[in-house]
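Both complexes shown next keep chain A, but they swap its partner, so chain B is in the first and chain C is in the second.
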Partner chain A sequence: MPLYGDLGNKLVQHAKRTQNLIHLPPYQAELVRAVAREVRDLDRDLKSILEPFQGSFDPTADQATACTLLVNHLSMRRNKRCLLAYHRTRADKLEELVWSGADVLDLAGQQTAGGANGVMGANDGGASSLSPQEEDYVRQYGDLLAAYKGQWTDIDLTGSLEPPRDLFIDVRVLKDAGEIQTEYGAINLTRNSQFYVRQGDVERLISQGYLQKLG
Partner chain B sequence: MDIDDILREVDPVFHAVPQEKRDLQDLTRAWVAERCAPELLHWPADGLFERVNDNIKRQIEKVEEMTGDMDPKTNFALIVLQTELERFKYIVRSYLRARIAKIDRHTLHYLSTDELRSRLSEMELAYATRHQALLHNHYLSSFLSSFPPQMQNLNDAGGNSTMIDTPDLESAVFIRLLIDTVVEGRGVDADGEMNGKVDDIVILRWSDAKPLVDAGSAELV
Partner chain C sequence: MSYYDIDAILTDAEKLPCTFQIDVPDLGYLDNAPTQTLRAGAKVALPLWLAEMLAVANDDQGKSFVNFDLPRALGNDVIQALKADPRAVPLRDQSAHFFGLATRMMDLLAEEQELGSVLRKTFVTRATEIALHARKVGGGGKAAGGDDGASNLGVGGAGEEFLRGLDETERKLFRKAHEGAKAAKEWMENVKKH
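And then the complex of A and B:
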């Protein structure tokens, strides 16, 4: 049987690993459940130890018991921290994806289908590397961001954070994107063609991977 | 003393610099400061962003108007205008994003006291509150709801550590002095003090630099 705290440690290692990955590894539903169960077990232990004292427990009189209680309590708090850290790291990652305009729910499905996650087969066999709760979160955060963005319509908050140098840039078309309307007339974006266009008009298409900026 | 100085004395509203130019200066300064300071600074209270926004709107309209006639003479002016517009938008965007990033990292900290809350704009406050609620909900539905009730809080402060993360106010910043002033800094072994001159650039802890910046005696660079 694993020691108390081992599982929490594993979660933190997962979180640490996630920080350096481009994609999001599958949600460790089993581990999360096990760590939460550990907390409930510890809480039950605490209660059963305290029960015979009827609320009149004196730590100085019974130092061994007091120590047990303290260690139990600290383990619970540690587990909670591990869980929070794990979920926060993933949530941060998801928010990043939402900001960059990626269709997160779509993306998650593709990754798992591509078998990019090797040994981490511990999730519940679903098609997504996100937990259902995370999918909800992404959806809600997307709405929140859209609402905040909507108050700055002229700025395009999710636009590029590179300082603009030139108004016009050379771009190459990587994927057919159809016809777009600009102030200088319509441009038909067919694959492998090259254009000199206003950066503001095509920023979206660049971040979505239709166009590549040259030079 | 010339006529401008006299005018300035009688009428404090009189400025030699036009409003738009001062706004750009203020905006740039706010942007640089926000990006350099380790903690969230005050949202400019004097309606700077309303004015900047109006200007951007006006310029967009103007650009649209000018695109209408294809006169080669206006074409050059149009490019200049658009370039300026893009740069304006970039600064505002970058400024807002820098703030959002800080708010997201220490949401509970900025929501914890009235003094800190007052640094956020109304929109940011709404965003931060909602974001925190979303996160809490996410934790609750993922695992927290199965915890014993006394352990479901996100702001416990027992055991010598608080759960609320705060920005590091002791990290180093560069400031440029705008007036001659005495600069005091706390060091690891001993505290230092120097007589600073205008345009001196000093590196010191943010907690030491903050009073100078707040008083307008220095700016972050």
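And then the complex of A and C:
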């Protein structure tokens, strides 16, 4: 027979798995709803137990009821902790994705298979698995980060921390990215073509998985 | 231990053998009998988050709702085996959060001095062994890419058995030690190249 708190535990096990993944697994909407429902059920039980006492319940006079209430209360508190920890783990992950420059919302809806681009920890897939609230969070966090970064135009806060060896690099185009403007004119990035470009011009595209750095 | 710490929450779900001290009509479901009264003296396995508070809460005579015993993972058999050789016991089979659980229990049972010292010695002895393995592993090529926490530690050979028996705390230790050794090696190679 399942106990109160078992479902919450399942949620936390999901969170545990999430911590070790590069992408974000699907949001457990069903499970979250079930845990929230459990809290509501417990709260209803609690109210109905307390009702006959009309607000004058004395725990020392009625040990058994006090114990039941305590178990109820602890179960709710446990569920709350599980819910919060689950969502916080995911929110942390989302912030990480935003900072690493993954185009989280662009990827939403399209299940991209895990790409072979290890460059700068590019992230694929998973974005389609956000809850509506999480999508909102990512969007607003992205705006916040952009506003923050906007204060310094001559430095890219989310740029690579690795000092470049060469100013120019070879890249292969993995996905059509259209035309980009560089100091040396426009380049049309069509799939499977190869270019010798300035690293600074394409860093963003590499981290978003459009280009792959060669050599 | 943070409120949001996933491992702390999972440790909190470990079960303790508890004995109820009072009759509680509404809690029969804890003992698989929802319609019956839970009698005083009933033995029920309760998660730590429940057992701890029920044991701490008491009435004016100092009687608590439940009394709890040490979990089997910290039982006499295991402790005796740890005394003999800490490295020979696969802790993970006892509990995936063995040291997390042990720490929580020691907080509650400060008087168990001997248990505490056995556990301390166990941790230190095994930590040395872990550090040794972490340095050896993946010395050749790259270590298996994704450490998905489950199994993919990229280990082979004699240490495999020992490493499979690590609990969560030890796995973290292993991973840190391994990453540290790897990063140091990479750095050294970089220095030589330039």
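Following the convention adopted for this analysis, the second predicted complex is superposed on the first by the 145 of 215 C-alpha atoms of A that agree within 3 Å, B and C clash if a C-alpha of one lies under 4 Å from a C-alpha of the other, contacts with A are read in each partner's own complex, and residues count from 1 in each chain.
Following the convention adopted for this analysis, a residue touches a chain if its C-beta (ideal position, glycine included) is under 8 Å from a C-beta of that chain, and two chains touch if they have at least 3 such contacts.
As the structure is a computational prediction, the values presented were derived from the model and not from experiment.
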| item | value |
| --- | --- |
| Partner chain(s) touched by A:Q13 [first = chain B, second = chain C, both, neither] | second |
| Touched partner set for A:C82, first chain B, second chain C, both or neither | second |
| Partner chain(s) touched by A:E30 [first = chain B, second = chain C, both, neither] | neither |
| First, second, both or neither for A:Q199, with chain B first and chain C second | first |
| Touched partner set for A:A64, first chain B, second chain C, both or neither | second |
| Chain B versus chain C as contact partner of A:L21, first or second or both or neither | second |
| Contacts of A:G5 with chain B and chain C, given as first, second, both or neither | second |
| Superposition-derived comparison: chain B or chain C, residues of chain A touched | B |
| Shared chain A surface residues [contacts with chain B and with chain C] | 74, 84, 88 |
| Residue numbers on chain B that touch chain A, as the complex places them | 53, 56-57, 60, 64, 67, 79, 82-83, 86-87, 89-90, 92-94, 96-97, 100, 104, 123, 126-127, 130-131, 134-135, 137-139, 141-144, 146-148, 151, 154, 156, 159 |
| Chain A residues touching chain B - in the complex, by the definition given at the top | 32-33, 35-36, 39-40, 43, 74, 76-77, 80, 83-84, 87-88, 91, 95, 131, 133-134, 136-137, 140-141, 144, 147-148, 151-152, 154-157, 159, 161, 163-164, 167, 183, 198-200 |
| Contacting residues of chain C [partner chain A, same complex] | 3-7, 9-10, 12-13, 22-27, 29-30, 32, 34, 47, 49-50, 53-54, 57, 59-60, 65, 146-149 |
| Touching residues on chain A, where the partner in the complex is chain C | 1, 3, 5, 9, 12-13, 15-17, 19-22, 49, 59-60, 63-65, 67-68, 70-71, 74-75, 78, 81-82, 84-85, 88-89 |
